[in-house]
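The same chain A turns up in both complexes below, where it pairs with chain B and then with chain C.
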Partner chain A sequence: MSQKQNGDKSVWANPKVRTALLFLSPVIIFLISLCVGRYIIPIPTVFKILSSPFFAIEADWPSIMETVIFNVRLPRLVMVSFVGASLAISGASFQGILKNPLVSSDILGVAYGAGFGAALAILLFPDPTMIQFFAFGFGMLAVGLAYMINSFYKRSSTLILVLSGIIVGAFFSSLISLAKYTADPETKLPEIVFWLLGSFASIRVEDVIQYVPLMVIGIIVLLLLRWRINVLSLDDMQAKSLGLNIKKYQAVIVFFATLITASAVCVSGIISWVGLIVPHIARMIVGPNNSKVLPASVAIGMTYLLVIDDIARTLVANEIPIGVLTGVIGAPFFGYLLLRQRVGWS
Partner chain B sequence: MVLKLEAKNLSFSYKKGTPVFKDISFTLDKGDVFCILGQNGAGKSTLLSCIGRLFDVNSGTIRVDGQDISLMTRMEIAKKIGYIPQFHTPVFPYTVFDFVLMGRTPHIGALSSPGKEDKEIAENAITEVGITHLAKKPYSEISGGEKQLVMFAKVLAQQPEIVLLDEPTSHLDFGNQFKILSMIEDLSNRGFSVVMTSHFPDHSFLVSNKVGVMKDHKFIDMGAANDVITENNMLQTYGLDVKIVYIEKAGRKVCVPLKNNGHINSQEI
Partner chain C sequence: MTDKKVYLVIAIIAIAAISVAAYLLLTGETEPETPNTIAVTVTSSPTGAGYVKVDGTAITTPKTFQWEEGSTHTLEATSTATWVSWSDGGSQTHEYTVPASDATITAAFEGQIKVTFDQSGLDTTADEAIVSFTVNGETQTKSYADLPVSTWVDAGTQVSYTIEANVSTTCPGAYFMLTNSESSTTITVDDDTTVTAEYKRTIIDANGGIIDVPDPSTIERIADSWPAHNTIVVMCGYRDALVATATTNTVNPMFQKILPAIETMLTPFNSDGTVNVEELMAENPDIVFVSASGEEAAAAMENSGMTVVRLQFYNFEDMVHTVRLTGWILGEEAFTKALNYVDYFTEVQDNIISTTADLTSSEKIKVLHLVGNSLDPIRIDAGTGLINTWINLCGGDNAAAEIDGNMQTVSLEQILAWNPDLILIGSATANDVRETILNDELWSELDAVKNGKVMANPMGVFDWARYSVEEALNIQWVSHTLYPDLFPDTDIRAETAYFYETYYEYTLSEAEITDILRQVD
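== the complex of A and B ==
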C-alpha cells in the first residue's frame, strides 16, 4: 500500500500541490457548475455576467442568461456548496468526538427529526414556507432528545449517546411513516416523498440569506475547535487527564454540528452519505489529524456535492433527486477508494 | 515545606455500600516514587484515577502543593498531574508526533491549535525518550513497548509535576519492562513525583522509595520497600508463599514466589 504512495512521483505526491488543488477544487467546480445545466452558458460569458454588477461591461448576452446566473444558479450553487461543507465537517466532527469512523452527521437523529418536521408541515399547512421552520425545529429537537436520553445515564459514554441517537432516529422514522400513511396520496404524499429525497431545485436567494450565515458560523466554530477534536477522540480518561471538560466540549460541538446539519437538511431535504464518506476521503488525502481533516472536509464536501448536483441537473431531462445520487454515485466511488488506498483509521 | 502530594482519608465507591477503597492516606515529596501493590480488583487503578481527579472521591482530600484539587479546574490539575493509562490505542491512527503533541493540551487555549513552541516541546520530549525514529509513524502501528515510550513522551510534553502510571510494565516483554522502569527512575531523578500501580513486588525494590500494599479496600502496610515487601505481607496480599532474598551480584533484594505447597516451602532453597 505504502509503495504506491512512495513510488508515485507525480505532482500529486507533493503535499503543497495537493493542498492547493484541494482548496482550489471547489472554486473551479463552482465556476464550471455555473456554466452547465439545461441552458449552457459559456465560461467567458459567465465571468462577464458575474463582474457586470461591479464593472461597466457592455451587456452582449441575452438577459435570460443573467437571470439564470443570478436568480437560479448562483443561489443554488452557493447553497449546494455550503450544504456539502456543513454535512462533511459535521460528519468529521461527530466521527472525532464519538470516536467512531462509522457515524455521520445525522447519527444523533437530526435527519429523521427534520424529515418528520417537514412531513408534519406539509400535512398541516397549505403554505410551503412552514416546511423549513418545522424541519429545522424538529431536527434540533431530535438531537436535544437524544442528548437528554444520554444524560439520564449517570455514567454516560459516547456509546450511549450514539445509541440514544439511534433510538430517536428510529422513533422519528416511524413517525415519518405514520405521516406518509395518513397523507393524501394524490397531493400530500408525493410532496413528502420528494422532500425526503432531497433537492436543490427550489432554492431561492432568501434561503441563502437565511441559512448560509448559520452554516458559516457553525463551520467556523468547528474549525476553531478542530485541534481539540483530536484530543476528544482519545479515550475519555486521557482527554480528562489532559484537562478537558469532556461534557462541555461535547455539548458545544454537538450543538454547532447539529445547527449546520439541521440548516442543511431543512433547505435541501435528506442528503445521505456526504457526512460519512467525505471525512474518509479527507483522511485518505491529508491523514488522520483533525487539524487538517476538518478544513479538507469543507473543501471536499463542497466539491463533491457540486459535482453530484451537476450530474443531478444535467444527466436526464427531469432533475434526479440529489439524495438518491449521493448514494448511487457515492457508495461505489467510496468502495473504489477503499480498494485503492489505505483508509485513515484502523 | 509543603508536601508535593498529600492524600488524606480517601474513600470511593461506585455504588452505595460497596467501597472500592476507604480511609486511604499517604504523602509524597518531590522525586518520590510511590508504588501501589495489591491483587487484581483491589482498587489500585481506581485510587490512581482519583488522585488525578479523573473520578471524584466520596470523601477525603487530595492536596497538590498544599492546594485542594477539588477546588482546582481540570486544566489547572492537568498542569500539575499527568496520567499514563494502561494500554490504549486511539481509533484514528495519529502519528506519534501528533499524539505526543496532544500532551500540550492544558497549555493551549480552547480555540487555538498548538504553536511553534508547543511543537518544539513535543519534539524535545520525543528526543528525550529516544523515539525520534518513530515520530512520523502511526501510533497504531508500533509495538507495545514503543507505545508506552510514546506515552512517556506525551506526559513529558504535558510538563506536570506529578505523574500517575497505571501498571506501566504490564503487557511488556522482559526487556521493555526494565526500559520503562529506568524511565521511571529517570522521571524521579528529574524531580517528578511518581505514583504507580504494579503487579510486580520486585519492581518496587528497583524503582520505588515508598510502597503501599492494598488489601480489603485499604493499605495494610506502607513504607520503604525493604520494610513493606515482606514474606508475611505478600502471603497476606496474594495468598502466596514467597522468599525474599538479597542477591549480592544484583545489589538488591528480590521476591521469589515458591510453589505454593507447604512441603516445598519447608525444604527451602
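== the complex of A and C ==
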C-alpha cells in the first residue's frame, strides 16, 4: 500500500469494511444477475420464484418463468461463479509458486491439452460424452508432460517448469490446428471451434453436478494450502530452510490448480485474462500475502466473471463469446488499474 | 345429205377422236415424256458468295444445277457489286431458258472487292448489334443472326466500321468482350477482306471482378468447392464433368444416388478455407466454382493458372442470378436448362407471395430455424440470409429477426423469451435433435413443443434450407407446413418426384421421397 492510500479517510480505507465488501460482492452480483436476462421477469417475481420452494407462495407467474430461473439462470450463474473462482485461484496459485506475476492458470498447457482432447473426441466419436472425458484427460496429461520435462533437469527451477509448460502448450496447440485441418468443415469443424471458443449458453443442472464438486474440492485444497504457497513463493533456499518439502507441495498445488482449470476449460473453453488479472486486482486490495490473495481471488474471480457473463448474455440477443469479452473488457480495465496504482508484487 | 350419212360421218369422227384420245392416253401412260436434264453451271468473275442470285436465292459461285431442258430460271447479278455483263448477253436480272446441252453462264463484275464481316466466339445469347459499317455514306448495322455479311466495293474504297467491344447477353452479368486490337476503324480495301470480330466470354463475379471464362465446348472438367453450387452444376447437365467437390457433398446419401462418383471424388478444399492446389492441378479442371467467401483458396488457385469463378447469394434474387450465370458459363444447352429452372422457381415463388400477401401480422406464424447439428451451443438462423428470406416469403415471422446473420449462438433463455410457434431444424442430424427437444423438460415450456410443432427441414441432394436449387421445393414445403389451408393443392411428395425427374434427371422411389422429407410417424 502506498502512503497516499494510508492517508485515505474514506470507509473503503477501513480494512474490515473492505474485506466485508470483497466477500459480499459475489453474493450481491449473483442476486442481481438472477434478475437480468433476455427473458424479462419482474424483480419481485424473481424473488417470489426463488423463495417458492421454501415458503408456501401462490404461483401467480407462468411456469416458463420458473424454468428460466431454476433451470436456465441458476445453473448458469453457479457455473460462471465457480469457473471464475477456479481460474482466479489457480492463477494466483501458479503466480505464487512459480514466482512469476505474468503466468496464468493455463501456463502449464492445460488449456491446449484439453482443447486437443476435445477435438480428438469430436473427430473420433459421435458420442458427445466422450468429449469432456478426453478434454479432461488430455488437460491433465499436458501438465503431466510439462512436469516430466521439468523433472529431466537435475536442478529443476520454476523457470524450467514455465518453459516446459510453454513447450507442451505449443505442441498441443499445433495438434489442435492439425485436428481442425482434417475436420469436415460442415459438421465437425464448427463443433471443434465452438468447443474451443467456449460458452456458458447451454449450461444445465447436469453440468453443474458434474463439474462444480471437482472445482469446490480443488478450491478448498488450494485455500487450505495458501500458507504453503506463501512459503513456496519465497526463494527456494529460504523455503528449504523452513523445512518444507518444496517438490511435494509444489506437485500437490499444481495438481489441484490444474484439476480446477481443466474443469473450467471443459465447461467454457479457453477464457483468457481471468487467471492473470484477478490475482493482481486481489493483490491491490489485500496486499501481497498469498494467504489473503487466494481467498480474495476467489471472491473477485466470481464477481468479475458474473459481471462479464451478464454482459455476454444480455447485451444483444445472440451470445457474445465470453472469452472475447474477458479480453476486451479485462485488458483495458487492467490498464486503468495500472495507471491508478502500481500493481503490487513482492 | 341424208340423215344416215350425217350419222355415219359423226360416228367416224367420234371413233377417230376416241382412237386418237385412247392412243394419246395410252402412249402417255406407257411412255411418259422424260425431260432432258441439263447441267448448267452458274458462275461469276470473281467467284464467291453473294454475287449471284438464282430464282431469288443467293448462291456461292460456281454452282452447278440440274435443270430441265427448256425450263426458265431467273438469274440476277447482285446489285451491291458493279455488274458488267452476263455471258449470255442478258440484262442484270433476266430469264434464262435452259438449252438442250450442258452450259456455263458467267456473270462478270469489274473492279469489285468483297468485304466480309464475321465473328467468332459469340452465341445466340448475344443481345446487341455486333457490327455497323459505312460504305459510300450508307451505314448498315448487323447483329449476331446476320453474320457473316458481305458487301462489295470498288478497289480503294474506304470502309469504316465499328464493332461492339462489349456485347451484352440475355444473361445478366455475362458479356462477350472483343479481343481484337481495334473496335472502330476505317480501312482502304484493295483485296477481298474479311474482318472477324473475335470475342471471349466474360462474366462479372460476385465480388464485381471481371473474369474470362473458357469456351463452353472446352469445359469438360469442373471443380466446385461451394457445396450448394454443386447442385446447380448437376441441374445444368454437367454432373459427369465434376472432378473435385466439397466434402459435404461426398457424404450426402442423395447426392451419392444421383451421382455415384461423388462418393470417392477428390476433395482438395480444406476446412480452414485453403486448398491443396497441387492435388487439384492434377485433376486439371477447366473451371473452378467457389463461393465468394473462400478468397484464400480462390487466390491460390488463380495463381496456379486456373479459371476461378466466385459466386454467392444470400437471397433469391441473387440465387436466380447465380443459376443463370452458371448456365451461361456452361453453354447454350445448360443456359436453357437454367432458364427453365428459373421459370419454375419464379412461378412457385410468385404463387406463394401472392397467396401469403394478405396475412395479417397476427395470423403470421412465428418460426425459429435451428442450425440443428448440435444443441450445445444452440445455434439459430437470424434476421438476415436466405433462411430469413424464405421464412418471410412463406408468410412466417422469423422469431430471431432482431439479430443478424446465419448460425448465431443464443441461450435457451433467449429462445424461451422468443417462444416460437414452429421450430424447424436443419442439418443431417435434424431428427435426432428433434427427438432431444421433444423429450427435454427445459424445451417443453415452448408453445412449439407443447403443440408438437417441431419439424426437421427436408434434406435432399442438399439441405433444403440452405442455398441449393432445391429451394424451389423448400418454399413449397415451408408454405404448406405453415399454412396448409392456404395451400391445399400442394402435394410435396409429387412435387419432389417431379423436381428430381425434371431437374436432376433422377427417378425417386417412394422410400427416397420419405427420406428426403424426413417424414417420421
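Assume the second predicted complex is superposed on the first by the 338 of 346 C-alpha atoms of A that agree within 3 Å, B and C clash if a C-alpha of one lies under 4 Å from a C-alpha of the other, contacts with A are read in each partner's own complex, and residues count from 1 in each chain.
FYI, a contact is a pair of C-beta atoms (placed from the backbone, for glycine too) under 8 Å apart; a residue touches a chain by one contact, two chains touch by 3 or more.
Bear in mind the structure is a predicted one, so any value in this text is a computation, not a measurement.
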- request: Kindly say whether there is room for both chain B and chain C on chain A in the superposition, answering fit or clash.
  value: fit
- prompt: Counting only touches as set out at the top, which of chain B and chain C does A:Leu31 meet: first, second, both, neither?
  reply: neither
Message: Which partner chains sit in contact with A:Asn230 here, chain B, chain C, both or neither? Use first/second/both/neither.
response: first
Message: Output check: A:Leu21 vs chain B and chain C. Expected answer is one of first, second, both, neither. What do you get?
response: neither
Query: Does the superposition put A:Asn100 against chain B (first), chain C (second), both, or neither?
result: first
- request: Quick one: classify A:Ile167 as touching chain B (first), chain C (second), both or neither.
  value: neither
Query: In the superposed arrangement, does A:Val78 touch chain B (first), chain C (second), both or neither?
result: neither
- prompt: Which angle, to the nearest 10 degrees, do you get at the Cα centre of chain A between the Cα centres of chain B and chain C?
  reply: 140
Field: Shortest span in Å between Cα atoms of chain B and of chain C, once chain A is used as the common reference
entry: 40
Query: On chain A, what residues does chain B touch that chain C touches as well?
result: none
Footprint of chain A on chain C - complex, ascending: 227, 246-248, 251, 269-272, 373-378, 382, 400, 402-403, 405, 407-414, 416-417, 419, 427-428, 441-442, 445
- line: Counting only contacts in the complex, chain A reaches chain B at residues 96, 99-101, 224-228, 230-231, 233-235, 237-238, 240-245, 283, 287-289, 291, 344-346
Field: Parts of chain B lying in touch with chain A, wherever the complex brings them together
entry: 49, 52, 54, 73-79, 81-83, 85, 88-95, 98, 102-103, 105-106, 108, 110-114, 138, 140, 158, 164
Message: Considering only the defined contacts, which chain A positions touch chain C in the complex?
response: 37-40, 63-64, 67-68, 71-73, 76, 128, 180-191, 194, 199, 201-202, 204, 313, 316-319, 321
